[in-house]
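Here it is, the structure, as structure tokens.
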Amino acid sequence: MPVTPDQQAEIDALRASPRQTLRAVSDGAEKHLYTAHPVLDHGFVRLIDYMGDDAAICQAARVSYGKGTKSVQNDEGLIRYLMRHWHSTPFEMCEIKLHVKLPVFVARQWIRHRTANVNEYSARYSILDREFYMPDPSQLAAQSTINNQGRGASLTPDESARVLDILKGDAAQTYDHYAEMIAEEGPDGTPKQGLARELARMNLPANIYTQWYWKVDLHNLFHFLRLRADAHAQYEIRVYADVICNIVADWVPAAYGAFADYRLGGAVLSAKGLACLQRMLKGEEVTQETSGMSKGEWREFQGVLA
Amino acid sequence: MPVTPDQQAEIDALRASPRQTLRAVSDGAEKHLYTAHPVLDHGFVRLIDYMGDDAAICQAARVSYGKGTKSVQNDEGLIRYLMRHWHSTPFEMCEIKLHVKLPVFVARQWIRHRTANVNEYSARYSILDREFYMPDPSQLAAQSTINNQGRGASLTPDESARVLDILKGDAAQTYDHYAEMIAEEGPDGTPKQGLARELARMNLPANIYTQWYWKVDLHNLFHFLRLRADAHAQYEIRVYADVICNIVADWVPAAYGAFADYRLGGAVLSAKGLACLQRMLKGEEVTQETSGMSKGEWREFQGVLA
Amino acid sequence: MPVTPDQQAEIDALRASPRQTLRAVSDGAEKHLYTAHPVLDHGFVRLIDYMGDDAAICQAARVSYGKGTKSVQNDEGLIRYLMRHWHSTPFEMCEIKLHVKLPVFVARQWIRHRTANVNEYSARYSILDREFYMPDPSQLAAQSTINNQGRGASLTPDESARVLDILKGDAAQTYDHYAEMIAEEGPDGTPKQGLARELARMNLPANIYTQWYWKVDLHNLFHFLRLRADAHAQYEIRVYADVICNIVADWVPAAYGAFADYRLGGAVLSAKGLACLQRMLKGEEVTQETSGMSKGEWREFQGVLA
Amino acid sequence: MPVTPDQQAEIDALRASPRQTLRAVSDGAEKHLYTAHPVLDHGFVRLIDYMGDDAAICQAARVSYGKGTKSVQNDEGLIRYLMRHWHSTPFEMCEIKLHVKLPVFVARQWIRHRTANVNEYSARYSILDREFYMPDPSQLAAQSTINNQGRGASLTPDESARVLDILKGDAAQTYDHYAEMIAEEGPDGTPKQGLARELARMNLPANIYTQWYWKVDLHNLFHFLRLRADAHAQYEIRVYADVICNIVADWVPAAYGAFADYRLGGAVLSAKGLACLQRMLKGEEVTQETSGMSKGEWREFQGVLA
């Protein structure tokens, strides 16, 4: 359960008290505010704040005095033009702030996107909760034999069961030890020193959950989503990216539409790929041997055209 | 006049239609929204949007589920602690978007602060207005003889008048030529080619006004303000920084208070300076010769203690 | 003439004294060091320093103890793989430092690439030289009627001559006035106050030359080059990008090769474009009307396939 | 043992083959190149590459054609001036690349410094080594009762021994399980599926060692060092910062000297602190009650003056 009843009560209280503002308001974003979208077994994504909407992208692109909107249709055309021609600065004029609860190994991938602001729950200062990511058996797979950094065939039920036994057992034991080390009294209630939290945390495995506030502009968020909502991304981060895609689609529908068309659903062709394509459109049969591409490139090129 | 009646009407329209939101609202910021604060002779600063408030800084620092506020007093103490100990990430959780009209030579200084988002009015696409910064005679000063990159004594009235004549004359002439080059008809109305705008703009001097949307998080804004609201900053950028200080003080009063105490009004002492201070507090007379400092350092050290 | 005899003597002296190092050395980069490659009428690009080479990209990608090189062929394959799959961090492990002399209006475009380090010649502190960009008549063109921010047909010889007369006259006059304002004696030799340089510079037009040291990592440099060596970039910045492309091709030939294939010579297709392509490859006739694209998109799509 | 004999042989080979370069060379840095400076029980810091030296800082600050050096003394004065007046861009003109081996929980603190380039060893692609940080008993301490995120009194020998038993036992067990999960044959040699590495890694605790290439400019490195070589930083990252300080002191001695004086050894006083100081220098007795400071601030203020 990602959110406790107390936390849900806090969320409900926040959602119950709208206030007035003169700022740009996105109705699509408002409906998500504070709500915890569950991800994995204990994680979530919560929209905490946002700045701007589709019109704000156009307003900045036009450096307008007023709203900058001419018409919704006109705005959508401008947004598609900006996306197609790599004009990134107008998209930077929108900003989003999320509260995310996620396993540490996912957080370690996520943080490699540096152009964002992050405030993580401090395990020097606070005690981490006993919550660990346990994969659904359907997600337990062998090392891929094609892609050196991905997953291949599913594990057999026996092997899945063995893996889950290990993960559960080690999580329970390492957390028990963590709690014992920081405890300020022994099992019999006698006072003892508690190991400093900044040290004790080192015993906790990477599937323990952490949480952070993460704030990013729309351009850099799109970059994150293109890489992490991609089929090659690790499943455990992709599910977060998918949830964020849904929030963004409601927040800035025109910008998300352009992103989906030109980035998520689009493809980059190399000069070699374009040359092959031009030959193919003239009716020529092109093979890997005559393409000038390596086997890997050719396989990916075929994937794009399929 | 920084804002035309048409622009003022657009501003008034925006200020007339509040909407409901569930986001954090800062009443201090709301009252500034869209209003053009005049700066220099034709410039302005307008608050276009903001994200977060004092409570949002604490909310992120505590990675809270709810508002994160315990009490205003408690929050202020936390904010002062964060500022004093260089915890920058909670301040990054607030964001501000400004529309600024400013002379090009000021824009060139401003843009050196890279951790911000900018959308500038495009002189490749659009025609610049005939608006040039003309310094007030009180601001016309000679090169400083102490500080190699500042101003010293005021110019005599004669010299001031000569400088203003030059600036006005050259502004008028270069703009006339700019307009002539891009014009698509000659003075007699016959059609002619207009020089591409991306070329014609090269004839315009650095005191012409440009404008941009500028978006920045509060931590980086404080860094900008510390350098640009400083007495050593060039007057023409300092007046912008001063106006922004006033907006920020209304938007996030506790954070601004901590900034004013620890950064704007504070001072950095070197190891040498601290050693001198410790001797002075013991009653020792310390001079530049016995301080281990250069003359420049000593003069600045004296300034801090005065 | 971009470089004076004195400056050339300094360059020659630097090139005459090699030293020993244990660092990665790129012979292709060494031959460029310090040499001023002329650009436009008074500008240049000079390679001042570099860090890393093709092998250093692989070394970082493999987090190796030693050189990280297996074989040149193997390295090239890895580099192409990294480029194709948007692995940007290994390319960030190479760094380049350039000394660039360029017109101010070009510098204003250039600086919008924020992920770089810049030290510009200070016109608060120093006096700018009397050097202005005067376009070659072949570069004087009218505003484009298709692309709202580009150039179209060349100007007629008469109009070209008129434009050059204006640019030359205004450059001479504004510089004369600049020199007069900062002068510390009058034309007759009597002492006078010189206007502070930070003020006087405002009279100088945007075609005056400035210079800076610019340092950037290879990933961000590729991003700069993709946008600025592109046919849609303004000619006056494109010629700088072209010169830098040549330096980079000598410095890191494998990385540059991958960049040229996947980025410079490649193309991005949208989801709509891919769908059209798949229909076309099956022999279907697709027109703009049946493509789902706007006219602008369709024209660009046709350009990619041509 | 941080480096194996094979790795040492690779290091020795790299150090045996100097090459010629025309770039700026720092003899102080050359002597560190590739050498592994041991940190903690299995970690190290290795200098892989550097760009620039003290003279390069001045060269950029002066935007020089040649070396930019006037004299060593003159350069040192300029560097101190730049540091004192927060001119950060000349320091950004130097760059350093390190290979660091460090526990994961230290890496998680380190990565929060975002203005740097990082390539980490991939546990999706590769198998992590069986190496865990085990604190020296002298470093095992209780949670601080003053500072909520630090260490206080040392643990008793009994409690230390218990903590080390736990850490060693859990490290051994979780690694055994990690190895078992990814193994492609069972204990009896029969083939089995190996769990994907990207999943298996989640069982490993935060004291396992990872490694990365880390590249940063000198300005941002100074910022890192000021925070992480500070007495309030966690011991396990401070020891890395201390080793890097030594390398930097040899690489750019003048810049490091200025940094040590103005940042590491200096202090920031608030406006309130300055006001107290001025009263104290006039002979007034100032107490916390009359200082206007909170207890925490006053304690820190006393620490600065002691």
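Letters A, B, C and D mark the chains as written, and numbering starts fresh at 1 in each.
The criterion applied here is as follows: a contact is a pair of C-beta atoms (placed from the backbone, for glycine too) under 8 Å apart; a residue touches a chain by one contact, two chains touch by 3 or more.
Note that this is a predicted model, so its numbers are computed, not measured.
> Check the residue numbers that chain B and chain C use where they touch, and answer same if over half are used by both copies, otherwise different.
same
> Tell me which of C-D, A-C or B-C has the interface of A-B again, with more than half the contact pairs shared?
Overlap exceeds half of the contact pairs only for C-D.
> At what distance in angstrom does the C-alpha mean of chain D lie from that of chain B?
34
> How many angstrom between the C-alpha centroids of chain D and chain A?
Averaging C-alpha atoms per chain gives centres 29 Å apart.
> Would you pick out the residues of chain B that each touch at least 2 other chains?
Where chain B meets two or more other chains at a single residue, that happens at 89, 112, 118.
> Inside the complex, what are the residues of chain C that reach chain D?
Counting only chain C, the residues touching chain D are 3, 7, 10-11, 13-15, 17-25, 30, 33-34, 48-52, 56, 59-61, 63, 65-67, 89-90, 92-93, 95, 97, 99, 117-122, 211-213, 215, 217.
> So in the complex, which bits of chain A are touching chain C?
My answer: residues 77, 80-81, 84-86, 89, 112, 227, 232, 260-262, 264-274, 277-278, 280-281, 294, 296-297, 300, 304-306.
> For chain C, which residues are in contact with chain B within the complex?
Residue list for chain C touching chain B: 103-105, 108, 111-112, 114-115, 118, 122, 124-125, 133, 135, 139-144, 148-153, 155-156, 159, 163, 166-167, 170, 173-174, 177, 180-182, 192-199, 201-207, 234.
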